[in-house]
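Here the chain labels run A, B, C, D and E in written order, and each chain numbers its own residues starting at 1.
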Amino acid sequence: MTAETIIQSLASGLLMGLLYGLIAVGLALIFGLMDVVNFAHGEFLMIAMYATFFLFVFFAIDPLLAAPLVAAALFVFGAVVYLLIVRFAVRAKANAGMVQIFSTFGLAIVMRGLAQYFFTPDYRSVTHSWLGGKTVSVAGIFLPVPQLVGALVAIAAFGALYLFINRTDFGRALEATREDAGAVALVGIDKNKVFALGWGLGAALVGLSGAVMAIFFYIYPDVGASFALIAYVTVALGGFGSVFGAFAGGIIVGLVEATTALLLPPSLKAVGIYAVYLLVVFIRPRGLFGSM
Amino acid sequence: MDTSFARSRRRDLIVAFCLAATAAVVPLFVKDVYVQNIMVLTLMWGALSQSWNILSGYCGQISLGHAMYFGIGAYTTALLFTKFGVLPWFGMLGGGIISAVLAMALGYPCFRLRGHYFVIATIVIAEIVLLLFHNWDWAGAAMGIDIPVRGDSWLKFQFTRSKLPYFYFALALACVAWFVTWWLEDSKWGYWWRAVKDNPDAAESLGVVVFNSKMGAAAVSAFLVAVGGSFYGQFVSYIDPESVMGFQFSLLMALPAVLGGIGTLWGPLLGAVILIPLTELTRSFIGGSGRGVDLIVYGGLIIAISLARPQGLVGLFSPRRKEAAR
Amino acid sequence: MTTPLLETRGVWQRFGGLIANSDVSISVGRGEIVGLIGPNGAGKSTLFNLIAGVLPPTQGSIIFDGEDVTALPAAERCQRGIGRTFQVVKSFETMTVIDNVIVGALVRTTVMRNARRKAHEVLEFCGLGPRANVLASDLVPSEKRRLEVARALATEPKLLLLDEVLTGLTPVEAKTGVELVRKVRDTGVTVLMVEHVMEIVMPLVDRAVVLDLGKVLVEGKPADVVRDPKVITAYLGDRHAVGA
Amino acid sequence: MLSVHEVTTAYQGLVAISAVSIEVAKGEIVCVAGANGAGKSTLLKSIAGAERPRSGTVSFDGMRIDGMAQHVITSRGIAYVPENRRLFPRLSVRDNLRLGSYLYRGEVNREEPLDLVFKLFPRLQERLEQRAETLSGGEQQMLAIGRALMTRPRLLMLDEPSQGIMPKLVDEIFQAVKRIRDAGMTVLIVEQRMSECLEIADRAYILQTGRVLMQGSAAEISVNPDVRKAYLGL
Amino acid sequence: QTSEVVIGVIYPFSGASAQMGVDAQKSFETALDIINKNHDFDLPLAKGEGLPSLGGAKIRLVFADHQADPQKGRAETERLITQEKVCAVIGTYQSSVAVTVSQICERYQIPFISADNSSPSLHKRGLKFYFRAAPHDEMFSAAMFNFFDAMKKKGAKIDTLSLFHEDTIFGTDSANTQLKLAADRGYKIATDIKYRSNSPSLSAEVQQLKTANADVLMPSSYTTDGILLVKTMAELGYKPNAIVAQNAGFSEKALYDAVGDKLEGVISRGSFSLDLAAKRPMVGKINAMFKEKSGKDFNDLTSRQFMGLLVMAEAINRAKSTDGEKIREALVATDIPGEQTIMPWKRVKFDEMGQNNDADPVLLQYIGGKFVTIFPPQAAIAEAVWPMK
């Protein structure tokens, strides 16, 4: 194994990690901060990718330009999902956790079914875009441009989310609603408004990542499944309640994955990620930076 | 007061007996193998969900990795049989014991985790085991294990066409799982588990050793699920990692209990009786279109039921619940 | 009286920079009712947690029934005879009242019939009999506090730690509460209780220990303690200076 | 200012208060007393919107508020401190207080009531960074009241504020309630410590098994022999 | 006489491989059209309507969804046999499902044609009712190595191979065969990478391929991974000398839509090639029929599915019965000359294990946006471009 291989692997791992972070950032808000399970996270990503794809096919909008549009569309979608489904799931007195898991799991299945119904199960790709297929090479290390941009978007998204949660009253209201949804009314907060906005924002972040992903990934109704578990592990590894944790979690997952692939057969790549998660929580039951 | 409680316990037992007896004669009238197949699956999933319910429903340790025990049961039996000629009955027992031991070994580090950290740990551990099986050549790796079926035999627990033996085994398994739950529900363990689920700190202050309670629940639950897995392997007579350990099996194990009523005696069976025929029928009769309509129907129903009755469908039937709510 | 039932020897508890208990040494004799009083945040509940085994003390040891229990976990201490209530109640919300109490009773017996009988007795004793089959989540706060007591009593403790279980009662109701605690003591249980309502503490306790800023401030007969100027300034305020 | 007219509220068919009517005029301190389970808390919940009355009306400043969402009622100037406090357990004391002034976010003087809160409960100022769940019982009560004050209510409803508070502070709290009233707020207070409460109250209601048993000026009530016997134990 | 002959078709119609099922459906419908209606093709049963020896009985297909789950495949097969009374079954895309489906067919003595499963282990299980008209991976891989040998003779440098395969039955089986052949024929395996199917990223894997830099890269991947593989190779600046793919993803339109521009010169094995239309015009016409339904050209999978139904129908016609045993006997006696297929096969004739050993695979090269047959010489219409690009 040459040094170049190792450096290239780590560089790719880092970029991939930031991408995992980008995919997880929406989840870090909904699952990590608001403490609501969203088993349909992968499917949110899937429709974001489809949205990007169709904007590209029908209006020839480059995914990069489409990103804000997709984010806006997903914002609406997320808020609607909250108001129509999740609102009732979080309200459930009996075993709220399971109700959340299974109502969103049901939603995931429905979304896949709808995607198959309307978009057919065909594999789609955005065939050419400004960034697609471009690569910069630094001293023999190849860095694909879409992933680089994805990494930048990830950093920006995490930064924005961090400021948003820690510097605004809305962020605090979100946390308060998570702590005791029944009590926020005591200080005049409308829990549904806050959570609907939270879901909208979370979904909008997924929208961003979907647009970036569409540049270089294939799209089909089940595509979300490839990312969902990693996104969950990323958020939990970083620790619930911490935006920075999810960011760090993504990077670690990417690097661990790359390292594992160097040491073990690549089909066992994921084992490295999972093992690191277990190791971390066995030592620190609240994840790396978690507050809850 | 005391007697009314005893009476309702006895009533549960009588109802269960009547149901089991009725179920036992049904296949004598319903000869269609497709329908019988659905009945076998319903009973099996009912039993699995009932077993899952012990750890996750009663004791509150939500596991979405139970497919691992299911798979280990199936693999132990199949490997012992195909490699060493050990009869499946011993394989079943062996798989159960291995799973129970594994459950406790894993419980040791995992039960310190709370909430989502625990759930994700269960998913991830099951996923690791799945990947290991996927790459374990001796155990067939991705090729799986094709259990050779030579003819009808109770000894080897394999039957070419008849579903009846499988049906009665699944019925027995469901009965055992139900009875174990019934029995544990009104025992020290049953109370401890519910206490641990509701408030571990308070439980600890009342002399409940929280850790041991969780271990007990995990072992019982894993054992029964592994027996179910062994059965499934024999029933399908072919196993591969994806088809016995996939994540979807863990979800499917939880789903009947959640829809029927998590942490209740009747919930898992009720959920299975509704859910399994539904999934089978939607797939069979609208799945062939290739347009995903079956998914939309199935997913939609899951959303509807879990939102409309978060406490589970069982509340619609059980007078005891209503009493408690009074 | 031989050895005291409970002794804390030089117990410390730190939370980061905050010292919640500093060098607390108290002892509770068998059959006593001892009042633990002191300002809000003085460290009373923390001391309860140390005695009951929720936390290991940063320093010091806890002697119960002649043995050092400092290293024992909470469940083990309960089995040895320490029963406690939580100031912020911790009922098993999805279980009925009777089932809550059965959990406690199961420490002493594994025969369900006996546990159930015991639970019914305790509920009657605490006046919760009519609420036996109600879900704990449907109880009002004052009932929940009584449930805490019932649960702890069902474990047949030698020492019962009561953390503000008689608050929120009208003076008349408080009197019944006082009677209840006396009855408990009469069954041979030693009681260590935290309470802020002097009307309850004064007539009930045999001895009072006053904590302030984590340290034992004064200790003695209740009548003496409330006259102590240190206690008055730190805890009681002027009204009680006159009243007592 | 607040007028509760024939309000009946039930829990799953079980009537907790029936046809209760009370009035609170601006600038008053009104005390509601009664035995355990009499329905005092239910009355406050019905006003605050935490429970929906089955019948009857609640008007605040001449406007009907029954049926409004709880957060809307809060934003109209009614602050409610429930019996079980309902703090945000894993948030810091500072954040709990800040959330109290959520309605005034963006305003420069949103922190204005903080002075009053710290004056009443200096302990809170020492513990700004501590998580609410690790506060002692009494400290939590202080924080709950402090958070309610941060919403700058015109009507403050306190459910047994003296619970878990040390004697010295109980008096201070009642004095504080008086000061709060003097600062322009109206107070509706549920208390078991009737004697102390009646000293500061203008008027009082006594509830029994869900109905108004007696009402009158604080002075009248406190000398009523039945009350003295049944509630004050004298 | 029966007026209708029912055949069960079992595929994944939902889940990750739903697309395969949907495409298969279109292919079977095309074959059905040809059998049930009058067409002037030199194919079995094309002329005239229905099955002549069963009094012109029409074939009806019943589709069932197995969702890639062996248990569901099993249950659906049982349903098809007992409820829908099918007299034959065709499936299944996933090899793991073929295992259970064929087992059930065996138990009920209903013939099963494994139309598009290429796992070699399937026909070696001693089943009497299992038939496969198409080649399996050993044959495919043998063709590849024959091709390498031929190219070497012509002076191409082919010493080292990189295997890149996914971790389900298809990939594992394919790689095992290739490893064996490589050892037998003296090729060196530079690296053998097994990866998890549907991975979110293949950069680590591609990096290892790049480091190994073998003379030939031999992927066994489905469409999704194929797309990601090619994109990742481009991103990491890895341009292999040659790619010889084990079909699957590399015969899918979706893959070429996505990354076709990066695949000029890629070679894939197959059992079908559109350039056969030059020799056999009906192939073009039938392809057009299929394209009208599906919007796609026939590919390796859909053409095999098409043939699966034709072979089965032809046997039923000869059996003059819908009895399973009779159909089986007819299948055993099948002998369809290659010209009466749309494939480059010599003929269709099953050995005692139910495998057609005369289904010669071909190698196709993707040039100028379409596939041309380059091997074996008798079928080739162009010389291989080597190295690619």
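As a convention for this text, a residue touches a chain if its C-beta (ideal position, glycine included) is under 8 Å from a C-beta of that chain, and two chains touch if they have at least 3 such contacts.
Treat the numbers as computed from the prediction; the structure is a model and nothing was measured.
> Using the touch definition from the top, list the chains contacting both subunit B and subunit C.
For subunit B paired with subunit C, there are no chains in contact with each.
> Which chain pair is joined by more contacting C-beta pairs, C-D or A-B?
Of A-B and C-D, more C-beta pairs in contact link A-B.
> What chain is the most remote from subunit A, judged by the mean position of CA atoms in each chain?
It is C whose centre lies farthest from that of subunit A.
> CA centre of subunit C versus CA centre of subunit E: separation in Å?
77
> Subunit A to subunit E: how many Å between their CA centres?
The computed centroid separation for subunit A versus subunit E comes out at 37 Å.
> Report the inter-centroid distance (CA atoms only) between subunit B and subunit D in whole Å.
50
> Pull out every residue in subunit A that's touching 2 or more other chains.
Within subunit A, residues 93-94, 112-113, 116, 121, 221, 265, 267-268, 270 contact more than one other chain.
> Where in subunit C do residues touch two or more other chains at once?
Residue numbers touching two or more other chains: 94.
> Please give all chain pairs that are in touch with each other.
Pairwise, the chains that meet the contact rule are A-B, A-D, A-E, B-C, B-E, C-D.
> Please output the residues of subunit A touching subunit B within their complex, sorted ascending.
Residue positions touching the partner: 31, 35, 37, 85, 88-89, 92-99, 101-103, 105-117, 121, 221, 229, 232-233, 236, 240, 265, 267-268, 270-271, 274-275, 277-278, 281-282, 285-287.
> Considering the complex alone, what residue numbers of subunit E touch subunit B?
Per the touch definition, subunit E meets subunit B at residues 13-14, 18, 21-22, 25, 62-65, 67-72, 74-76, 78-79, 82-83, 96, 99-100, 103, 107-108, 121, 125, 167-169, 171-173, 194, 196.
> Which bits of subunit C are touching subunit D when the two form their complex?
It comes out as residues 15, 38-42, 44-45, 87-88, 138, 140-143, 164, 167-175, 196-198, 234-240.
> Tell me, which parts of subunit E touch subunit A in their complex?
14-16, 18-19, 21-22, 167, 193-196, 198-201, 203-205, 207-208, 211, 223-224, 227-228, 231, 234-237, 252, 254-255, 257-259, 262
> For subunit A, which residues are in contact with subunit D within the complex?
Where subunit A meets subunit D, its residues are 169, 172-173, 175-176, 179-180, 182-191, 241, 291-292.
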